[in-house]
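After this come two complexes, each holding chain A, first together with chain B and then together with chain C.
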Partner chain A sequence: MYEFITFLGDAFVIILIFATLSLSVNLQYGSSGIFNFGVVAFFMIGAYTSSFLALTGIPFLLALAVAVILSGLAGLLISLPALNLRGDFLSLATFMFAEIIRLLVLNVPSLGGAVGIARVPSAFPSIKVYSNLVAANIALSLVVFLVFCVVYSAMMSSPYGRVLKCIRENEVLAESLGKNTFRYKAQVFVIGSIMAGTAGAVYSQYLGFAGTELFTYSVTFTVYIMSIIGGSTTRLGALLGSFIYLSIQDLLRIAKNWITIPVDPNNLAFILFGFATMLILYYRPEGIIREKLRQVRVTNGNLGA
Partner chain B sequence: MGILELKGVSKSFGGLVAVNDLAIDVDDESMCGLIGPNGSGKTTLFNVISGLHKPDSGHVIFKGIDITGLPPHEIFQKGIYRTFQSPQIVPRLSVLENVLLAGRGQAGEGLLPAFLKRKEWRETESRLIERAYENLKFLGIEKAANESPWTLSGGQLKLLEVARALMSDAELLLLDEPAAGVNPTLAANILDFFEHVRKERGATVFVIEHKMELLLRRVSHVFVMNKGSLLFQGSPKEVAEEQSVVEAYLGA
Partner chain C sequence: MAIADLLPQLLFNSVVSGSVFALATVGFSLTYSILKFPNIAQAAFITFGAYFAYTAASVWGLGFGLGILGAFLATGILGALSYVVIFRPLGRKVSGFVAPTVASVGYGLALTFIMQQIWGRDLLLFSTIFDAFSVGPMRTNWLWNTTIVFTVIVVVSMHYLLSRTKFGAAMRGTSSNPDLVRASGIHVDRVIISVWFLGSALAGAAGVFLAGQNGVTPVLGSNMLVTVMAVAIFAGIGSFYGVIAAAYILSFAQNLSIPVLLSIGQPSFYSIAVAYGVVIATLLFFPRGISGTGPKVESLIAKMRKVV
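On to the complex of A and B.
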């Protein structure tokens, strides 16, 4: 029983970290129409920055703060040239950026190279019991996710969010209505990058490791699938997508020990998610949890109650 | 000198000269028409004025300030609003929010104020909501305020554009066929709404329209374009009688 609860707790930490990543995709892609296919790059920059800093002995929160700044800065730098590109070209440029960063780290030994960074200090160095450590990490990743949920909702519930939705659906109209679309997109790109970078910092201290094999492009695709399945425009959709994806993946791994299936459960997961994504995109493109139109109260043809 | 002045504006796309050395002057608080056959460069001219295209040469002067080559959002902020031939909508915003987008001076549209000055922009927001709703009511589409613009008919979409133009408080409205594709009564109404805006708020209306009998009765001055150049300009009466205009556009 004890092991089982720890196992669930461990799954929950990863679900929350990926929910934060998925939230960054929801902000960029779902709410603003920015196809950032390099999400993993900012996840990785956050993870590596905080890991290197934590190894020098500075406290986690300080390492996290630097990771936030650096991932945001990286987001700003890549957004300046890339955001002038339209949809599909932007996705290619960001995708290549992520690969360049990964291959750079892989081939520069002083950045960790192929070995990666081992023994990354935990954010909770005083906690020695594993189950307590998992509990502390649930709290940490939950706080991170909730903080970004507040940021997300503050953005989307204001006139600012209305402009983002206009940019998502009709950029020419947004420009014609006096909105500096480039500035909006750059801001969203930076905030999304900060979300991903923070998730990366939490991830690497939890695993105690950072390596290039954790940050391949498949992470980006995984997060997009989570976002699309759960609902790419809502906070709850990000959490639900992450939960569904990772639970099914874990359940299939467990099921392998009990039933015999002709395909490897990992591959089966890929097949299932491929189908699920296709079905969702076809029949319910906004995902399981959908965005609602904002309503004003009208009584007898007049505003107000 | 009028509110809008074009000096030698040219715009080509590859070998095609869409606007050729055009010079026009639009009087302040007037309603002017722009007519010409399809492909004569009317929409391109609007695109140049509103900043969607940079002219190859020439100057666009608005209220005495050179606005040539500014991005569209800055041109809107200077006080020019343009509509498009096909109604522009944001399907996943309600009709009311589609109108709200055109509201000026929204502090809550900035990133930091969205977080920090919620109380301040909430006041602006409720004032704008009231105004937007009144505009929808004035145009008779207030029942759809909470719906997606997908639910609107073609004519109602044209009215949504009018609502947005009303909301924009622009001093110069560039209207690209605001009454195209709607029945004659509604078309007349739409043009009357803009005439109302002109009189009430002192806005200048510059309108492309093919429905001659509707246009010529409302405008004070007409510009006629043909093959990218200004063919003729004058009062509606002069235009209707001008032989070259009849040949190029109105037909015998």
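On to the complex of A and C.
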């Protein structure tokens, strides 16, 4: 029983970390229409920055702060030229950026190279009992997720968010209303990158490891699949997508010990997700949780509540 | 050893890898220009070609030549079916490039893991062994020679198809203005299916040439994905001749940067980053690619001025 609860707790930490990543996708893609296909790059920058600093003895919160700043800066640097591109080209440019960053890190010996950074200090060095450590990490990742949920709703429920939605639906319209769409998109890109970077910092301190094999582009794909399954315009959708994806993956892994299926459960999980993504895109492209649209009634030409 | 001594071999290697790049990218670029979305599942087509050829050549014992032919046809059929079953219905229902792109991610994932289920994760080597021999200052083998000859045949026949046949004209027309082509009484859908067949078939062949040397694993195609995108963007989406030129230029850049990097004491692995750096610079400064067929965008400077 004790082990089972710890196992659930462990799964929950990962779900919350990926929910944060998925939230950054929802902010960028779902709510603002920026198709950043290099999410993993910022996840990785956050993870490597905080791990590298934590190894030199800097406390976690300080390392996290630097990770946040660096991932935000990287987001700004990429967004300035890349947002100039048409949507589909933006996705290819960010995708390749992520791959270049990974290849560069893979070849920098001081960042661990192909081996990665091992024995990353935990954010809670004083906690020695594993179950307590898991509990502390649930708290940490929950706080991170909730903070970004607050940021997300503050952005989206304000006039600012309505401009973002307008950019998503029709960028030319937003521009014609005098909105500097480029600046809006750059800001969203940076905030999304910060979310991903923070998630990376929490992830690497929890695993105690940061290596390039954790940050291949399949992470980007996974996060997009989560976001699409859950619903790419809401906070709850990010959490739900992450929960569904990771729990199915874990359940199939556990099921292997109880029932014999002719297919490797790991393969089966990915085959199922692949088909699920296609089916959801076809039958319910807005995901499980739909966007709530504000109702505006028009009577006799007057805008009413 | 000085770079000059290595030069002939480097050039030859660049031609071989450039040929594989070109074959792998043609389909990606053509379907992109017609359906306006990057088909991530192209990577899975490359892998499928390699596995199919492996099975035909080394399991059924049909030999490497029939393996290439079989992979060409089988991957082509897989590609055409993918369009008919998945991307055509999706394109009719959902607009925009995001849904089909993400669907192609999901489809590629499903295909890759189905292949991993069938053939396993381990490296599978072809039973055919290609002995190296010398031609002048260069070492080569029959796999590399076949790669080059095959690519030359493809380029010549594609050139003939695109410039001399009605089908080629329909293909070019479909990518620039499908409505006009439809109004001229051409069955656009049939053209698109043929493009998917052809593009996927070439990707399958590229997979065989890639795997012939070092064997095949489920990630064979995924490892090529970034290169494929790089070549397609550098070329300018939708340009067949651009793809051929871009494939060789990028492959030269990559291969030639190896001795340069080594001579300044940097690992040769960076050569791949050098090539992608070139591509990102392309995107930023002349996003229409070397053939000028990419999208029109406002200049970077004008955009930057708006922000500041």
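The rule is short, and it goes like this: the second predicted complex is superposed on the first by the 294 of 305 C-alpha atoms of A that agree within 3 Å, B and C clash if a C-alpha of one lies under 4 Å from a C-alpha of the other, contacts with A are read in each partner's own complex, and residues count from 1 in each chain.
The working rule: contacts are C-beta pairs under 8 Å (C-beta built on N, C-alpha and C of every residue); 3 or more make two chains touch, one makes a residue touch a chain.
This one's a predicted model, so the numbers in the text were calculated from it and none came from an experiment.
In the superposed model, A:N180 lies in contact with both chain B and chain C.
Of the two partner chains, neither chain B nor chain C is touched by A:Y130. Contact with neither chain B nor chain C is seen for A:F7 once the two complexes are overlaid on the shared chain. Once the two complexes are laid over each other on the shared chain, residue contacts for A:E291 go to chain B alone; chain C is not touched. Between chain B and chain C, more residues of chain A are touched by C. Residues 180 of chain A contact both chain B in one complex and chain C in the other. The touching residues of chain A, counted against chain B in their complex, run 151, 154-155, 158-163, 165-166, 168-170, 172-181, 187, 291, 293-296, 298, 301, 303. The touching residues of chain B, counted against chain A in their complex, run 50-52, 71-74, 76-77, 81-82, 84, 88-94, 96-97, 100-102, 104, 106, 108-111, 114-115, 118, 121, 125, 129-130, 133, 137, 142, 145-148, 164, 168. Residues 29, 35, 80-89, 91-93, 95-97, 99-100, 103-104, 106-107, 180, 182-183, 186, 217-218, 221, 224-225, 228, 263-264, 267-268, 270-271, 273-278, 281-282, 285 of chain A touch chain C in their complex.
Residue ranges of chain C in contact with chain A, taken from their complex: 36-38, 40, 86, 89-90, 93-94, 97-99, 101-103, 105-114, 116-117, 222, 225-226, 229-230, 233, 267, 269-270, 272-273, 276-277, 279-280, 283-284, 287, 294-295, 297-298, 300, 303-304, 306-307.
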